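Same chain, two partners: chain A is paired with chain B first, then with chain C.
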Partner chain A sequence: MPDKPIEGEKRVFMTGNEVVAWAALAAGAEIMYGYPITPQNEIMHYWTRLAPRYGREFLQTEDELSAGFTTCGGVLAGRKAFTATAGPGNTLMQEPMSMAEAMRLPTVVVIQQRGGPSTATVIYSQQEVTMTTLGGNGEGLRIVYSTANHQELFDYTIKAFNTAWKYRFPTFILGDGYQAKMRESLTIYDPDIRGIELVQAEPFLGKPGVPGVDRPPTQLRNTYNVEEELYEVLEGYFKDYEKIAPEVAEHEAFGLEDAELVVVSHGVVSRACKAAVKELREEGVRVGYFRPITLRPLPVKALRETAEKVGKFLVVESAQGQLARLLKEAAFGCPVEMLELFKPGVGITAEDVVSRVKEITG
Partner chain B sequence: MRCISGRIVEAYIGEYASGKSEVAVNRALLLAARGRRVNLVDLDIVEPCYTLRPLKKKLAEMGINVVAWETREMMGLGETGSIFYPANRWALRFPGDVILDIGYGVEGAKTLNLVEGAATDPDLKIFAVVNIGRPMTGSVQEIVEYVRSLGRVDGLINNSHLGDETTVEFVQDGARMVDEAARQLGVPVVATTVLEELARVIGTRDAAGHPVWPIKRFMPHALW
Partner chain C sequence: MSVQPAMPKSWRVDTKPHKFCPGCGHGLVLKALGQAIDELGIQDRAVFGCDIGCSLLAWDFFNVDTIQTHHGRTTPVITGLKRANPNLIGIAYMGDGGGYAIGSQHLVNAAARNEKITVILVNNTQYGMTGGQMAPTTLPGQKTETSPYGRDPEKTGYPTQGPEMVAAITREGAYVARGTVANLRQLKNYLKKALENQMAGNGFSFVEVLSACPTNWRTNAEETWKMVEEEMPKYFKVGEIKVPGGQKEGEANG
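And then the complex of A and B:
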């Protein structure tokens, strides 16, 4: 059996779903639990083809509730476990992932967004932002990376396992049906050669030493007897989350120095926005580009600094304002006008963005 | 004995995203450009949304009989399954050449069983499309193992590329690897398919001496 799924690095041509399977292998994921749903199926297809070659495992469950809970179980047993889903599967996944939030389990979930509500379309959308960032009962104690291309799908899937196991919050990769099915070249690599140290998984139970004597007892609970117990635990979680948020938050931006209008987008739509902003700037339009890479936590500081100095945000998304809602909360009190280009469940091109910006700037 | 103007019947199979549809579309157009009557048949029943339908109208305008669903005639693409386009069953009875674009992998290759006469058609050739830029078929050994898993294969097509980043060297590396894999498999290499602009540099034969088929990229317009 070969030791490493990827030796050195290699330029390849793949679909986004395959990228995720290879990245999970490279990240040292030990087991995937899953239930099929379009457009994420090939993550499972490729994982099941590749996993036996490298001594990894797979379990197909009866539905997404089970896929989510078995992922929690795998993590509790000290395994790097992950699952992938979309749309109505993501809806079901929210209950197990709420438990992961409650128990601080480093689960990794890959979402390839499809149209909603319900089964709607199998194709594409950015309509799972609200659900993926804040979908559980509770407080949204989780980390969400929104990728824009195949290289990022690879890089951030590896990163997601490290983030999850380092900070012990459930971590999500938020892709979409276009990224899932699109074919694109990228470099796949052994994380070692890039100096990426993989955070090791460890079992939650059966640690050495006598509980209460040699080490604090392991207390794994998602149910509490009284309100105050829960309150105390959550207060601790909020402190932890607040502390790590600035370390975890990521964004990319350009053209902010002279911008009067900043185009804000995430995921695959940011590719169109980037192209549009570049084109407009070449024409002399004072427009900037801002893209949160983490949707939870948002890069609040950078966002507020931008919102303080530019007059207008144009929020562009393939949803009816799900990103915009998060931005409005993050930028509350800043003197910025929020304009929109929303196409729920439909792709957005650079031409769409250019013409909307011109409509605004006149 | 078949004469040179005889009927051409080719089925393109292979790994997911290996370029089956791209090669099939280009092959159909090449034959049509020679004045031949061509039927292009979409047999991907797993994810038919991905294949030829978005190009149907354009190809029809170019003189090809595209046998496939209209997107809006379909119900619930993807996991709900799709109904086999009835005319596809009789694809091998259509007058003229028949180019079959098949779904991916072993299960895709089995789709041919749904076509009447596929097992006995004297003209049918089944070609496996290989791109060494695909990690599952990135080495000679992997190509051999993969093609063996597909069942009957009558020839290999080297369709090695890296999308917009494709270089002549990459295509030629593919030509040499596919040539070696074909030797081990005991099947011929039919051609190297390569973008027109690179084909001009390579010439009419690839590094392993096999024919070069210049192609245009159509599939970027077929995204879902």
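And then the complex of A and C:
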């Protein structure tokens, strides 16, 4: 059996779903649990073909509740486990992920967003931002990376396993149907040659020794008897989350130094925004570009600094203001006007952004 | 010092007395399970998963690694754990609401896939933790908080036949039985055989246990035992239902 799925590095041309499967292999993922839903299916298709070659496992479950809870079980046994879903499947996934939040389980979930609400379309959207960042009956104790292209899908899927096992918060890759199905060029690589050290998994349950004799039993629960007991646990979690947030938060930006208007977007839409901002700047329009890569936690410091000095944000997303709501909360009190270009469940082009900016700037 | 009753070695003494109501059947089921774990010597590799409902009160019951999950979701958590580390002995412990209602799809599919785990389902004919609502197992005519005039089978069906269903959808290799807290020696043997079946890698094992809830039944000791020993077996037949490659209890020695 070959030791490493990828030797060195190589240039490839593949769909985003295939990229995720290769990245999970490269990250040392040991088992995937999954349930079919478009547009994430090919992650399972590639994983089931590749996994046996490298001694990895797969289980097709009866639904996304089970896919999420078996993923929790795999993590409890000390394996790097993951699942992938979309749309209504993501809705069901919120229940197991709330348990992962409550018990600090390092689950990794890849979301390929599709249209919503309900079954809607199997194609594309950015309408799973609210659910992925703040879903479940909880407090959003999760980490969400929103990727924009296939290279990032590869890089951040590897990173997601490290982040999850390092910080012990459930971690999500938020992609979409375009990224899932599109073919693009990228470089896949063995993380070793890039100096990326893979964080080792370790079991929560079933460690060596007889519980109660050689060691105390590990007994994990998510149910508490009194309010104060829960409060104490959550206070600890919030403190941890607050501490790691600046280390985890990522963003990219340009053109902020002279901008009067900053276009803010995430994920695949940021590619249209980047192209539009470059084009407009060449024309002499004083416009900047800001893109949070982590939607949970948001890059609050960088965002507020930008919001303090520019007059206007143009928030562009394939949803009816799901990113905008997060931004408004993060930039509360900053003297910035929030303008919008929302196309829920529909793709956005650079032309759309250019014409919206010109409409604003006159 | 007063004389203490013998506890299974795998029990966690510092969490006793346990948290269940007086007269509850859970303590008896968990005693039988503790004895089975002791006799099989699997305290070091058993993982006990408990559901939501009264079963969650067992989250610190044993000196065994334990995970308390969501309502109905113990089966997939233990399935995922076992798939990820087949050396562990996975025990999913739940009530009738968790197994036959909210988590029924997990029970059905884990059984159909012949997952090498042991599911123990405690049947007390209603939802105990939430205050005594009707369950899939409520007996016809039985009064609960959501069937205050008695369960009407015309409107709400007859009690779910869990082990019979599991037996019907599993193939060879599965072990399926229904025990009762009224016969602990037999129950311990069923639980032990279920765990042995998993240890041998044969397949799915499932034991339903007829149990008591005097709190919600509003019964005294005599009425409680009458319910367990006489009323419940009218609908729920006690015995082994499926035994892999062997004979059922009582058939072995003629």
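What we mean here is this: the second predicted complex is superposed on the first by the 348 of 362 C-alpha atoms of A that agree within 3 Å, B and C clash if a C-alpha of one lies under 4 Å from a C-alpha of the other, contacts with A are read in each partner's own complex, and residues count from 1 in each chain.
Rule of thumb we're sticking to: a contact is a pair of C-beta atoms (placed from the backbone, for glycine too) under 8 Å apart; a residue touches a chain by one contact, two chains touch by 3 or more.
Worth saying up front: this structure is predicted, and the values here are computed from it rather than measured.
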Q. Thinking of the overlay built on chain A, is A:I123 touched by chain B (first), by chain C (second), by both, or by neither?
A. first
Q) Looking at the overlay, what does A:T15 touch: chain B (first), chain C (second), both, or neither? A) first
Q.
Per the contact definition in the header, classify A:N222: touching chain B only (first), chain C only (second), both, or neither.
A. second
Q. Looking at chain A, does chain B or chain C touch a larger number of its residues?
A. C
Q: Quick one: classify A:P96 as touching chain B (first), chain C (second), both or neither.
A: second
Q) Is A:G177 in contact with chain B, with chain C, with both, or with neither (first, second, both, neither)? A) first
Q: Check whether A:E42 is in contact with chain B, with chain C, with both or with neither, and answer first, second, both or neither.
A: first
(Q) After overlaying the two complexes on chain A, where does the chain B footprint on chain A coincide with the chain C footprint? (A) none
**Q.** Complex contacts: residues of chain B adjacent to chain A
**A.** 16-17, 47, 49-50, 76-79, 131, 133-136, 138, 161-165, 223-224
Q) Touching chain B in the complex: which residues of chain A? A) 10-15, 18, 22, 36-39, 41-42, 45-46, 49, 119, 121-124, 177-178, 181-185, 188
Q) Residues of chain C touching chain A in their complex? A) 10, 12, 43-45, 47, 52, 56, 59-60, 62-70, 73, 76-85, 87-88, 105-106, 108-109
Q: In the complex, go through chain A and note every residue touching chain C.
A: 30-31, 33, 57, 59, 61-63, 65-66, 69-79, 81, 95-96, 99, 203-213, 217-223
